[in-house]
Each structure stands twice: as C-alpha cells, then as structure tokens.
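Labels A, B, C and D are assigned to the chains in the order they are written; within every chain, residues are numbered from 1.
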Amino acid sequence: MTRIRVTVWNEFRHEKQSKEIADLYPDGIHGQVASFLGATDDIEVRTATLDEPENGLPDSVLENTDVLTWWGHMAHHEVLDDTVDRVQQRVLAGMGLIVMHSGHMSKIFRRLMGTNCTLKWREMGERERMWVVDPAHPIVEGVGQYIEIPHVEMYGEYFDIPQPDQVVFISWFQGGEVFRSGCCWHRGKGKVFYFRPGHETLPVYYHAGVQKVLTNAVRWAAPTKGPYPHTKDGPNYPAIEKFVVEK
Amino acid sequence: MTRIRVTVWNEFRHEKQSKEIADLYPDGIHGQVASFLGATDDIEVRTATLDEPENGLPDSVLENTDVLTWWGHMAHHEVLDDTVDRVQQRVLAGMGLIVMHSGHMSKIFRRLMGTNCTLKWREMGERERMWVVDPAHPIVEGVGQYIEIPHVEMYGEYFDIPQPDQVVFISWFQGGEVFRSGCCWHRGKGKVFYFRPGHETLPVYYHAGVQKVLTNAVRWAAPTKGPYPHTKDGPNYPAIEKFVVEK
Amino acid sequence: MTRIRVTVWNEFRHEKQSKEIADLYPDGIHGQVASFLGATDDIEVRTATLDEPENGLPDSVLENTDVLTWWGHMAHHEVLDDTVDRVQQRVLAGMGLIVMHSGHMSKIFRRLMGTNCTLKWREMGERERMWVVDPAHPIVEGVGQYIEIPHVEMYGEYFDIPQPDQVVFISWFQGGEVFRSGCCWHRGKGKVFYFRPGHETLPVYYHAGVQKVLTNAVRWAAPTKGPYPHTKDGPNYPAIEKFVVEK
Amino acid sequence: MTRIRVTVWNEFRHEKQSKEIADLYPDGIHGQVASFLGATDDIEVRTATLDEPENGLPDSVLENTDVLTWWGHMAHHEVLDDTVDRVQQRVLAGMGLIVMHSGHMSKIFRRLMGTNCTLKWREMGERERMWVVDPAHPIVEGVGQYIEIPHVEMYGEYFDIPQPDQVVFISWFQGGEVFRSGCCWHRGKGKVFYFRPGHETLPVYYHAGVQKVLTNAVRWAAPTKGPYPHTKDGPNYPAIEKFVVEK
C-alpha cells in the first residue's frame, strides 16, 4: 500500500518560550500531531518548523508531501512570502492542506481564501461542543453526533471566509457563540480543510475525537492521481472542432 | 430614490495604442460601459482609469462607490499593490465588484479568489452561446434561455477559480469548449460577479444581452445597508452568557 | 410601483383549540404575519388557511401570488396532495416560498427538499441567539451581528436538509445545541427560504428582528421577471448548430 | 479488505423488446455495468431488475447494498412507490446512489431532488465532450481534461435540479448545447451522483472513460462507517447544558 506522506508544520515558538506550554507539548505541537497521525498504517509523517531553512519547506519537501498540516499563531508574519507562494502553488497542483486553530490568520490560509479570515475570540477555558452537520462526509467517519471539548479558547462568528464547499462541524460555546469549525474547500487540484480545535495552552491534541477528525481529514485531503495538468499557465488552445466563422 | 453609485474602471491602454480599438470604443471601453449603465434610472456612473493618480481609485472615490466594475488586460501588473489592498478591503466591507473578461487575471480578482484564475483561450472570432443554468437568479432577469454572441474570443475550462456560490451562465463555443461564464461569490459583506463576455477588438459591449446582464449584476451586487461591522479586525469578545468553568 | 403579492398561509388549528394561543394570536398566526408584512409600502398581503376549499390555495390564488409563506404544525397530513403538487409546480415556475418553524415537517417542504427534514427539539423556553454568518446576503439587511429571542422552542442539528445554497443564520441555544436557522435554496425558477423562529405558544412573531428578516425574505424571494420557460416538460430540441455526424 | 457491495439496477425492458438493443447489450445494460465494476478488486456486484418481486430490491437486498446504481427509461412509472420509499430511506441512512442518463426522470431521482429534473434532449448521434471542472474531486481521478464520446443522445440545459454540492463535469455538444453531466449531492448520510452518459442504442457503457468515472463514483459514494444515527425520526431531546430560564 502506498502511504499518504504528511508534513506536519509548526511555528514552534510558544513551546520554546513558555515552560507551561513545553510541559504540555514536550515534543512541540508538531510532535504530538505527528505522533497520532503516524500511528496509523496508511500515513507516514515528517515535521517541519518555521526556523528551519526555507521555513522547513523547500521544494524537495513540498514535492514529496501529499498533505501539509499547519499550526501557527504568534509569528505568522515571519513566514517568508516565497514559502507562501510555493505552498499555494503546491496546493493548486494537488497537495492537501489542513489548517488548524490560530492558523486562520496565517499568510497561506488568507492567501488561499482571499478574505481577512478574522473572527471573535476569548480565552476563558469554556466548553465547546462541535456538532456534525454533514453526516455523509468522510471527515466525520466514526464521529458521533458531536465532539465535546471541556476547555477551549472560544472562536465566534462572523468568521470572514468564503462560503465553504462543505461545512461539516458547527460549534457551540458556553459563552453564547457559534462557529463553523470544520470547513472544506477545493482549490485547483488541491483540497483545504480548516479545523478549529487546538490551543497552545490546552491539551486539545490529546483528545481522541480531535485526533480522529484530523486523521480522517488527511485521508480526505490526499491528492487524486492522474494526468490532470497544473493550472499555473493559461494556454492558447487550438480548436478541437472544425468550424467556419460566418461573418 | 437613492441611486446605485457605480465606478466603471478601465485600464484604458488598448484604446490609446490601436486605432482599430479606438474606432470601436471611441470613449474607451469604460465610456461604453458607463454609457449603458448610466442610461438607467437607478444607477449613476463615474469612470476611473489606470493612469490617473492612485489608479483613479483614491479612498474618496472608493468610499462613494457602491459597485466597482473592472476591465483590464495588458497592464494588470501596473496596478499598484496599494490599490489592490484598498479595493479588497472595500469589497469585504460591502462594495460590489464586477470583473469582466480578461479581468480574470487582474491582481484584485486573483487576490479575492486565492487561486491562479487561469483558463484556456483562443482568438478566432468564433460563436458563443451562454446558457442560463440558474433561472431563479436576479442576474438573469429578462434573459431568455441563452445569449448568443456571434464573434468572441474563446475562454475554456478548466477555469481555476473557487467553486462559485452560484453559477448562472455556462458557455458553449464552436471550437469545442465550455466555460462557467457567469459566477457569483459573497466575500465578507461584499458581492463579486465574474462575467466572461468582452474583448477589446470586438463590439461585445454593444450587445443588448450583455448590457442587460451587466445592469442586472450591478443591482445584485449593490451593498445591503445596515449596522454590520467590517471584519478587518478580530475582536477579543466578552462572554454574552454567564457561565462557570468546571475544572 | 408594482407591489409584491404575498399569500400568508396558516394551518390555523392551534388558535381554535387553545384559549392561550388564541389570546396570543387573536387574528391567528397568519393575521399577525400579514399584519407586519402588510405594513410596508411594497408588499400586499392576503391570507389562506387549511380548512378553506382547496386549502385556500386554488389556482386563482397561486397564480396571483409572488411569495407564499407557510406555517403549519399539527395537521401537516391534512394538506391535500393535490395542493402540494400545485404549490410545488408554482415554486418551480417562480413563486417564492418561505417556510417557518414547524413547517419543516410540512409536505411541501419535504417534497421540495427530498429529505426527511427531521431535527431535534425541546420545549423549555430557553434563550436563542441567531448569528449572522453571511453578512452580504440581502436577507440580513439591517440586522446586526445576531438576533436574540428570549424564550423559544429549541431546534437542534442534525437538520436533515440538502446543503443550503446559502446559510445566513446559525443559532445558539442555552441547552447546548446549534441550528442552521436561515437557509436559502433556488429550485427551478423559484426561491425557498426556511426560517426557524416561531412557535404557537410564544410571541415570536411580535419580535422586531424576526419581522425584519421575514420582510427581507419576502423581497429576496419575489420572482424575477422575464421570458424564461417553466421546466415541467423536457422538450425534444432541434440542433441550433449545423453539424455532420461522422461515422 | 472489505469490498464495496454494489447492486446494479436496470429496468431491463428495452433489451427484451428490441433485437438491436439486445445485440448491443446481450446481458442487459445491468450485465455490462456489473461486468466492468466487478472486474475491480474492491467492488462486488449483484444485479436487480424491475420485473423481479419488489422490483428486485427487497429490504434484504437494500440492507446489504453499499451503493445502488440506477438505469431506467421507458417504465419509470412502473417502479412501485413502496420501492421508492425504501430506497429513499436507505440513501438518507447512508447508501450511495448513482443515477445514470435517462434515470434523471426516475421516481427515486425526482423524489430525492424535489424538482422536475427535466432537460432538453435530441437523438442525432452527435459528439459530446465532457470537460472536468473540479479536478480535485475523487470522481475524476485518472481522467484527463475531458472525455469525448463520439455518438450520443444530447441532453441540454436548463437541467431542473437543485444546485449540486459539486459539479464535476460540464458537457459540450455538436448541436450547440451544454449540460452539467456529473453532479454530486449529499442527502442525509448518503451520497448521490448523477452521471449523464448512456443510451440504450449506443455502446456508451463500453467506453473506457465512462467506465472509469462510474468506478470512481462507486468508491466516492460508498458509505462512511460509524455511529451516526439515521434521521427518520426527530427526537425530543433533553438539554445537555444546565440552565435557568429567566422570565
């Protein structure tokens, strides 16, 4: 079986600057995400982080990545524009992209969405309940009616994104807000999934339901094979059918 | 009655460089578009062009524009990035945007779409037939089953755009291709319409059906009124409901 | 100005069977809905109820109705199948349809959706907050970030409907659920809007925000004019283009 | 490996009434479809036809079917309403449904769509070219830019269907029309794919491209596993969160 090649990208700054966060994610958030994704039979993982050369994403990595997962928060502006350009083109050429939590403000997500991607937020450790609203979607396979997470940072609407091709989760928060927490888009030959859960100070990536959804999302986002050309260039295209122009 | 304030933007270069094109559009493509839009009771028009200061779109103009129409082709790269930034934010804040024909490769359209926006093309003057595929949509009001244009530049799929919120026209071409020729998106508080017809060397903007659709599109894209806040900033938001976090 | 002709349909049974409900809606739910819709300049209203001949919706009424609003609950099964057939065909031919609250289980809504249209529900008089998630949509014109209703019957996901063309409201409930409360669809030449608020024992249709949305919805759902043919028959269609079949 | 259990349904009347059609499809259209689907490693097939008891689709068959494919044309009205009811509920409970060609007028497709499902048509044996317009979709895996079929019955817009969740193919025809030839919908827990190609008098189901798409579609439409409940009943649902109603 050919395995899905996943690159788990992390900004990896919070973990270096806060003992509390380092204690929670001793191998970094990327280490924890890689850990549960890599525990499957059909996924192989590597990791990459902001401070590596070319942000850890040179062409040699991107060309061997089927799905890229993205976690960033405090250093979005430090991601190189060249990295953003190359990741965008790889997505349009077929690579899956899974953006988590505060990655909603990352350069690459905003580039692909074309909007501000802003939202409301609040840190009080309140309860979230993510309801499934598209039970036919492969991303919710094995999930019940909802996923409950006991303590989270709240994200509230209006979430300034393009209308998703499919919304699979809508969240409820104790404080009174709702949020489209699982959103799918096709972009060129690639697939993009935004998934809300995750916060550097909370053990969200140890939650079994969150892990299941992210694993499902990798499988959904893996590229289809085949001869379809990349869309970077728009060709002058000869007529397929013969015809006569009548003046 | 409050009229819809439209700014008709044109690159306005072809008309200066080619006598043939100047003969076809003696007041510029913008002049012709402004002419039929302005002939209605409910629309008032001004024009703006690339070579004016701030590309003719200073804040004083944008803030008094309900709908901006865009025509560009040979000088997309000359549009200032600052202009693109400001137009994008105005769209997200509610201004309608109508992008015509070769504007698919404009900076502002690609910015808002997040994709390459490439397509196939061919200049042979072949016949196009734009079929209505969403007869409930206000943009097709008064249009019959299709609009036929005798001589056009062909645009063919794959058109590298996000899945439209609504596709209202699909085109047939003599040479064997199809194209999603009328596409609608909501972006933030604003509406975007891409409309395929139009070419600098062809009298497409004198075609009654094309004029009708563009007029309908202006009305559809006009902003809704009301107190909804702009989305440029994502606020830290206090809880609406009282709750106790159970540890 | 040509006014939008609205027929406000009500099952009108609860009001006859319960003094409490009759006290709340002394002219029937239809009377109250007709009252605020009819108070505008651009809408004219009539009402129709289940126990009238042909359920109050003979062809002479439907043919002079631009938008039909629907409220039913305890007697969905008593609506004649012939009425459902005729309303469905009128919608597909262009009439707008606005289905409120418990109308989600009406024959006509289920017919047009093709699904079971089931949901979770609870009557405890809890608080609802309907968040705007598509601020560009004309149905939310003049609404702020959310509409709060102090005491409602809860409706919860999964709401078994086709993916809406546009979701404009998502509700939050005190008890822990969410719901897609404002949903838009195009069907043939007609538009359909489902709007959650409303309950026979609660004064929801006296709420200013609810009234505003329903008024906006009538304007959105009003049919476009023009020559587009009805789709009841699928014609054998002669070729538009000349061509030779090569064997 | 657990294989996908496919039931290939066919009306199976044309083949009995016309020698020409019987020569083209000696084992029936169902036999030919079952033949190429069953030649894969991951799909197992059975067939069912109209004239069998319960139209060949008793509960014992439906409950062991992951994906049902449907071909009908001249006897749509003979399918039992009870069969339509049961197939509809199985789709909403998770079974995939693939409707081919003239199945657009079948009771089950019209039931699930809620519209008339009419279209234009013409039998002249003209050429069709189905263009891929969603290259990220798993249904187009391994397909190039388009599939060309030399001789077909034409189907033209307006196709009276709900806006698809995803359109994957748009067809071009020699005679001047276009058509949304590959359309995807989620309905409840189930997935529905409409695929245009196929005609009883033409060898369309021997075409390699058509076979590839139908095989991909079976894989896409196979149900997701897991605990999600069926939606036939809408439960009265106790509050998850504790709250106090403030009067």
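Rule of thumb we're sticking to: a residue touches a chain if its C-beta (ideal position, glycine included) is under 8 Å from a C-beta of that chain, and two chains touch if they have at least 3 such contacts.
Only a predicted model underlies this, so the values are computations on that prediction, with no experimental measurement involved.
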item	value
Target chain C, source chain A, minimum contact steps	1
Chain whose average C-alpha position is farthest from chain A's own	C
Interface residue overlap between copies chain B and chain C, same or different (over half shared)	same
Between the pairs A-B and A-D, the one where more C-beta pairs touch	A-B
Between chain B and chain A, distance of the C-alpha-averaged centres to the nearest whole Å	30
Approximate Å spacing (C-alpha centroids) for the pair chain A, chain D	32
For chain A, residues that touch 2 or more chains besides their own	127, 129, 132, 134-135, 145, 156, 158, 163, 165-166, 174, 176-177, 186-188, 231, 240-241
Contacting residues of chain B [partner chain D, same complex]	129, 131-135, 145, 156-159, 163, 166-167, 170-173, 176-178, 180
Interface residues, chain A side, partner chain B - complex	88, 92, 105, 111-116, 118-122, 124-127, 150-151, 154, 156, 158, 160, 162-163, 165, 174-177, 185-188, 231-241, 243, 245-246
Parts of chain A lying in touch with chain D, wherever the complex brings them together	94, 127, 129, 132, 134-138, 140-145, 165-166, 174, 186-191, 223-229, 231, 240-241
